[in-house]
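The two complexes that follow have subunit A in common; it is paired with subunit B in the first and with subunit C in the second.
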Partner chain A sequence: MSDRIIFEDVSKFYGEILGVNRVNLSIPPGITSLVGPNGSGKTTLMNLMTGLVKPSRGRIEVLGHPTDDPENLFKFVGYSTQFDAFPKGLTGFQFIYSYLCLSGMPLQDAERTTWQTIERVNMVDAASRKVAAYSKGMRQRIRLAQALAHNPKVLVLDEPLNGLDPLARSEMIALFRASAAEGCYVIISSHILHEVDVISDQVILLSNGYVVAEGQIQSVRSEIQEHPTQILIRCDRPRELAAKLFESETTIEASIHNDGHGLLLKTRDADRFYLAMNQLALNGIQVESIAPADDDVLSVYEYLIGNEEVVR
Partner chain B sequence: MAVYRRNYRPYSGTQTSEWSRFLVLFRYSRRNLFRSKVQTGFFVLCFFYPIACLVMIYLAHSASFLAKLGVPSQLISIDNMFFFRYMSVQGVLAFLMTAFAGPGLISPDLANGALPLYFCRPFSRAEYVLGKSSVLGILLSQITWIPGVILFAIQASFAGASWTWNNLWIAGSLVVASLIWIAILSLLAMALSAWVKWRIVAGALLLALMFFGAGFAQAINAVMHTDSGHFVDVGYLTAAVWIGLFKVEAENSITAFPALIALLVYCSICLLLLMRKVRAYEVIR
Partner chain C sequence: MTRLWWTQIKAVIRLELKKTFFAKRGLWIYVVAALPVLLFIAYAVAMSHEQHRTTEIAREGERRLAYQDLLAIKPGMTKQEVTAVLGKPPLVFHWTERRPTGPNSTEEILHEDLHYSDGQNDLYLGLANGKVQSINIHEGYNLGEDAVMFAGVFQFFFLRLAIFFGCLGIFMNLFRGEVLDRSLHFYFLAPIRREVLMAGKFLAGLLATCTIFITSELLQTVAFLWHFNPQARDLYLYHNHGLEHAAVYVGVTFLACVGYGAFFLVAGMLFRNPIIPAAAVLIWEGINPFLPALLKQFSVIYYLKSLCPVEIPVSPGTPGLFALLISNADPVSPPLAIIGILVVALLALFVSSIQVRRMEINYTTE
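Up next is the complex of A and B:
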């Protein structure tokens, strides 16, 4: 049995509207982020992997199971939707409990599991209040709780960090990490790129229904040849360093920091640059630090998709 | 690449049977319904006429009491017409109950985008519709065929085996007539609830469909010099089926069978409309 979420040449069209097209993916365990502007196909991809929509073409397998068998699929898949999807009038407890009953859990098990899950998302005090009276952060947490409640191995979370304050965000991220650390597959869609960068083991970049890149962000960045690599260097003599670096053909641009102790360099060949730096460091220039400046999700997103709707 | 501790433990307890899961929806929807005092009050009001019928059945079998009152015993006759009248009154009440309770069944789930949450479980669209319609089905049964059959049983206990044997078909007619009415009302209400997100508008539309349907049918008949206009009047069609089922003599230009076919067509259209709307996702064009 496969231990991955597999998309094989998957396309989804809603009539004439393109959802996603020719998607080939193999998602390993850990935290995977789906990144892309609105309408890029993130939610469609999530709906496809949870079997909520059927692909117009191609094949999807979640850990070896087809997605058109909800009875088996949802034993190990939990889904938290993007919108405020709460049936009217339910308390936080009832919300989790009713969905566990709907999943086929006997009443006693459902009650016990509901309390465990509510405790896990730190919502015990608010469990008896109506969901309608919850704050945005509490709503996100209770929505995550309903996805987590039956201990799924695959957790699909659509925009789980939207509208959360920093404290709530860090709590949510801790929950994702805890799930990933237990060997779960946590699939997240998000616009908040710096957080995606911090929490993701791998990213899938989508644009207009197509997957434009996938994998670990550094490997994706290294494959983008048309944009020179930006490297930030902190040293005592940046002007001298810049002059020496321009002796190499691969160096395109260098700008000195205002404080006079730093240099932002653009190079076509990062490997040659690092080799050159070894030589220069031996020539007496004291280098404090060298760090890539654009191998994060934000830069890759800007290079591949453009800067629309990016939340920094 | 991170190294993960594989200490994931899925739920490994028993599962409830698939067929029973729609009852979870029934339980919550019913509880929501009876939160309204008006709804509860109207539900109680629906039992007044059956109680009046019960009194009439008792009186019909108390000749000495009627004699004391000076009422001729033939005045109250418990026959197919009596149960047809019962069905007509309860049918109107069932319609009003549906107009009140039906539109709120699906529209809040659609307005809140709750459908994906239902369907990301081992729970199908058909089970969702079944769960929601069971609320109306059971509620309307409680005010139509269940008291009707109880009244029939009481009448049977008074009238004896011979009457019961000869009129057993009336009990069957009560059940079938009620089920047809419940099916058409439930499906109409839910289809409207699915397509109109505002509960009040959906309720008003259901009322309009019945009343304007009758008016529209009359208009078609007058303009086209035909009786076929009645096919757009759901109330008229149902009455035609009931007249056939209870074997009462009443003027009706459409016979029971074509009326039943027309009602089945309406039910199918409602089901199609429902299935188009009850989905885990919505395509916004």
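Up next is the complex of A and C:
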């Protein structure tokens, strides 16, 4: 029994339109973000993972289970989709309650679990109102509640923070982190890169239906050879430090930080640079910190995909 | 496992029934189901009015007459002889006709129309110069004729149109409607076998159509029997197989919902436009009498017609093609007909179960 979400040479075509092509992935527990512009294949990948669409080619397994067996799959998978339509006439409570009843849960348990879930997403006050009368943020939260209701091991969330106010966003992010800390698999797609950067344990970068990169963001960054690594050094005498650093052959560019108290430099080999830094005699220059400046999702995204449709 | 499936089926039924019964786009189904009821109510009102008139005529007559008295009048009897048997007529119309007998001569004929009633049946007598020339008895209750009329409405309107289109409206929308509303993923995200979901939706559709059309059928029977007096009602229900017929009509209605429901459930999964399968099935059911024996069996109406309790007589002047539509030249026995419908329905449900497993959520292509 595999403990990963596995895609093996998966392709999906909608007629002649490419959804995703030749995707090979092995997703571990933790928060994994799918990042890419519109039409890059994020939702298709999520729909494939949850069996809502079937692959044209290849094999998908979620923790050892095939995706064409919803009866077993959705016992441990919860999916909050981007589809903004709900069964007609249901209140928020009925929406979750019906979902749990469909799962075969006894009615009393379903009612209790429904209230607990609604409480988790702070929707108690609106639970008796029709979903059709909800705001966008409320609809987003009730969809999240549906995905969370049965405490799934795998949470697939398509743009889960869309439409949420800042407070709700931070609450939801805390919820995702708590789930990940418990060993859950949280798969999130998002346009909002700074949020992805903050919450993700690993990222999958998609472009035009292809997986461009995957893994922990730092290791993805280190594999991008054509863009030198940027390092920010906080110090009191940046000009002197720059002169010294140019003695090392690993430094290819250096510039003084806007506030005058730091140095932004570019190197082709970060590991060798750090070693060289250790060997440098700094002549009394006070170095406060040394940190990579472009090993975040935003930089990786820009290097690999470009800056189309990025929300910073 | 079976218990879990049954729990899930009940959950699907609860959700679907609410949607089916109160859907705005399904209101026309209630109208279609109510049409034959309204027809029979109108018929009953007309017949009640007629009976009231007949009773009034009987009351105005000189004597209380029995049906046998009306039958006693024969052509050629004089007015005095008629009056001796039936008394003074409550309604008389007379007029004079001048008929030419030669180039310059005419004959004057006195015509009289006498109208008697025993309170239920009317007797119309046409007299010429004091002698009975024509006798016309109009029976207030003609159970045989009324039963045939009921059978005609049932077979040609209720079965072929009302139930047919009602099932189309309800069963086609079970999946197609949710695809159009973009809400089918709600079900597909639940840990429920697609076949169990399909079974739940089918049973919900069946429950809805049966409730609507069996209620309509029962109301039609009530409306149909409304104008009968208690004796005639008892005669029809208990001695003329009326009760049995009513039960059979309910059974046929149920089987029609099963057969057409299964057909339209699968059609809703296979076709985006309901007009295409509806037209195809309507034509297929329509041409059933002209099909070879083997192909006839793949039709719902073939079995339903065999189960209908009252055969509609084909009058001698009926055109050949129409006569073929009315008559069931090759009926099957009731057990075989029931099995036939169930087999056709099971076949359709089997195709549905394959189709539902293949279904994908891809609203953008709809």
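The rule is simple: the second predicted complex is superposed on the first by the 308 of 312 C-alpha atoms of A that agree within 3 Å, B and C clash if a C-alpha of one lies under 4 Å from a C-alpha of the other, contacts with A are read in each partner's own complex, and residues count from 1 in each chain.
Methods note: a residue touches a chain if its C-beta (ideal position, glycine included) is under 8 Å from a C-beta of that chain, and two chains touch if they have at least 3 such contacts.
Quantities reported herein were computed from a predicted structural model and do not represent experimental measurements.
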- Could you classify subunit B and subunit C on subunit A, in the superposed arrangement, as clash or fit? clash
- Message: Between subunit B and subunit C, whom does A:E182 touch in the aligned arrangement: first, second, both, or neither?
- Response: first
- Message: Under the stated touch criterion, name the partner, subunit B or subunit C, that contacts more residues in subunit A.
- Response: B
- Regarding the shared-chain residue A:K153, is it in contact with subunit B (first), subunit C (second), both, or neither? first
- Using the touch definition from the top, say if A:T91 reaches subunit B (first), subunit C (second), both or neither. neither
- Message: Tell me the contact category for A:K54 with respect to subunit B and subunit C: first, second, both or neither.
- Response: second
- Message: Just checking: does A:D68 make contact with subunit B only, subunit C only, both, or neither of them? Give me first, second, both or neither.
- Response: second
- Task: Could you tell me if A:T113 is touching subunit B, subunit C, both of them or neither one (first, second, both, neither)?
- Result: first
- So, does A:T32 touch the first partner subunit B, the second partner subunit C, both, or neither? neither
- Would you check which partner chain A:T81 touches, where first means subunit B only, second means subunit C only, and both and neither mean what they say? both
- Check the residue A:L102 against both partner chains and state whether it touches subunit B (first), subunit C (second), both, or neither. both
- Item | Segment of subunit C that clashes with subunit B, given the candidates 73-81, 91-99, 235-243 or 343-351 | 235-243
- Task: Overlap the subunit B and subunit C contact sets on subunit A and report the shared residues.
- Result: 14-15, 47, 50, 52-53, 70-75, 78-79, 81, 83-89, 98-99, 101-104, 106, 146, 150
- Could you please specify the touching residues of subunit C with respect to subunit A in the complex? 4, 7-8, 11-12, 14-15, 18-19, 22-23, 178, 181-183, 185-194, 196, 357-358, 360-363, 365
- Item | subunit A - residues contacting subunit B, complex | 14-15, 17, 29-30, 43, 47, 50, 52-53, 70-79, 81, 83-90, 94, 98-99, 101-106, 109, 113, 146, 150-153, 180-184, 201
- Would you pull the subunit B residues touching subunit A in the complex into a rising list? 1-2, 4-11, 13-18, 21, 24-25, 28, 32, 35, 108-109, 112-124, 280-281, 283, 285
- Per the touch rule above, subunit A residues touching subunit C in the complex are 14-15, 47, 50-54, 68, 70-75, 78-79, 81, 83-89, 98-99, 101-104, 106, 146, 150
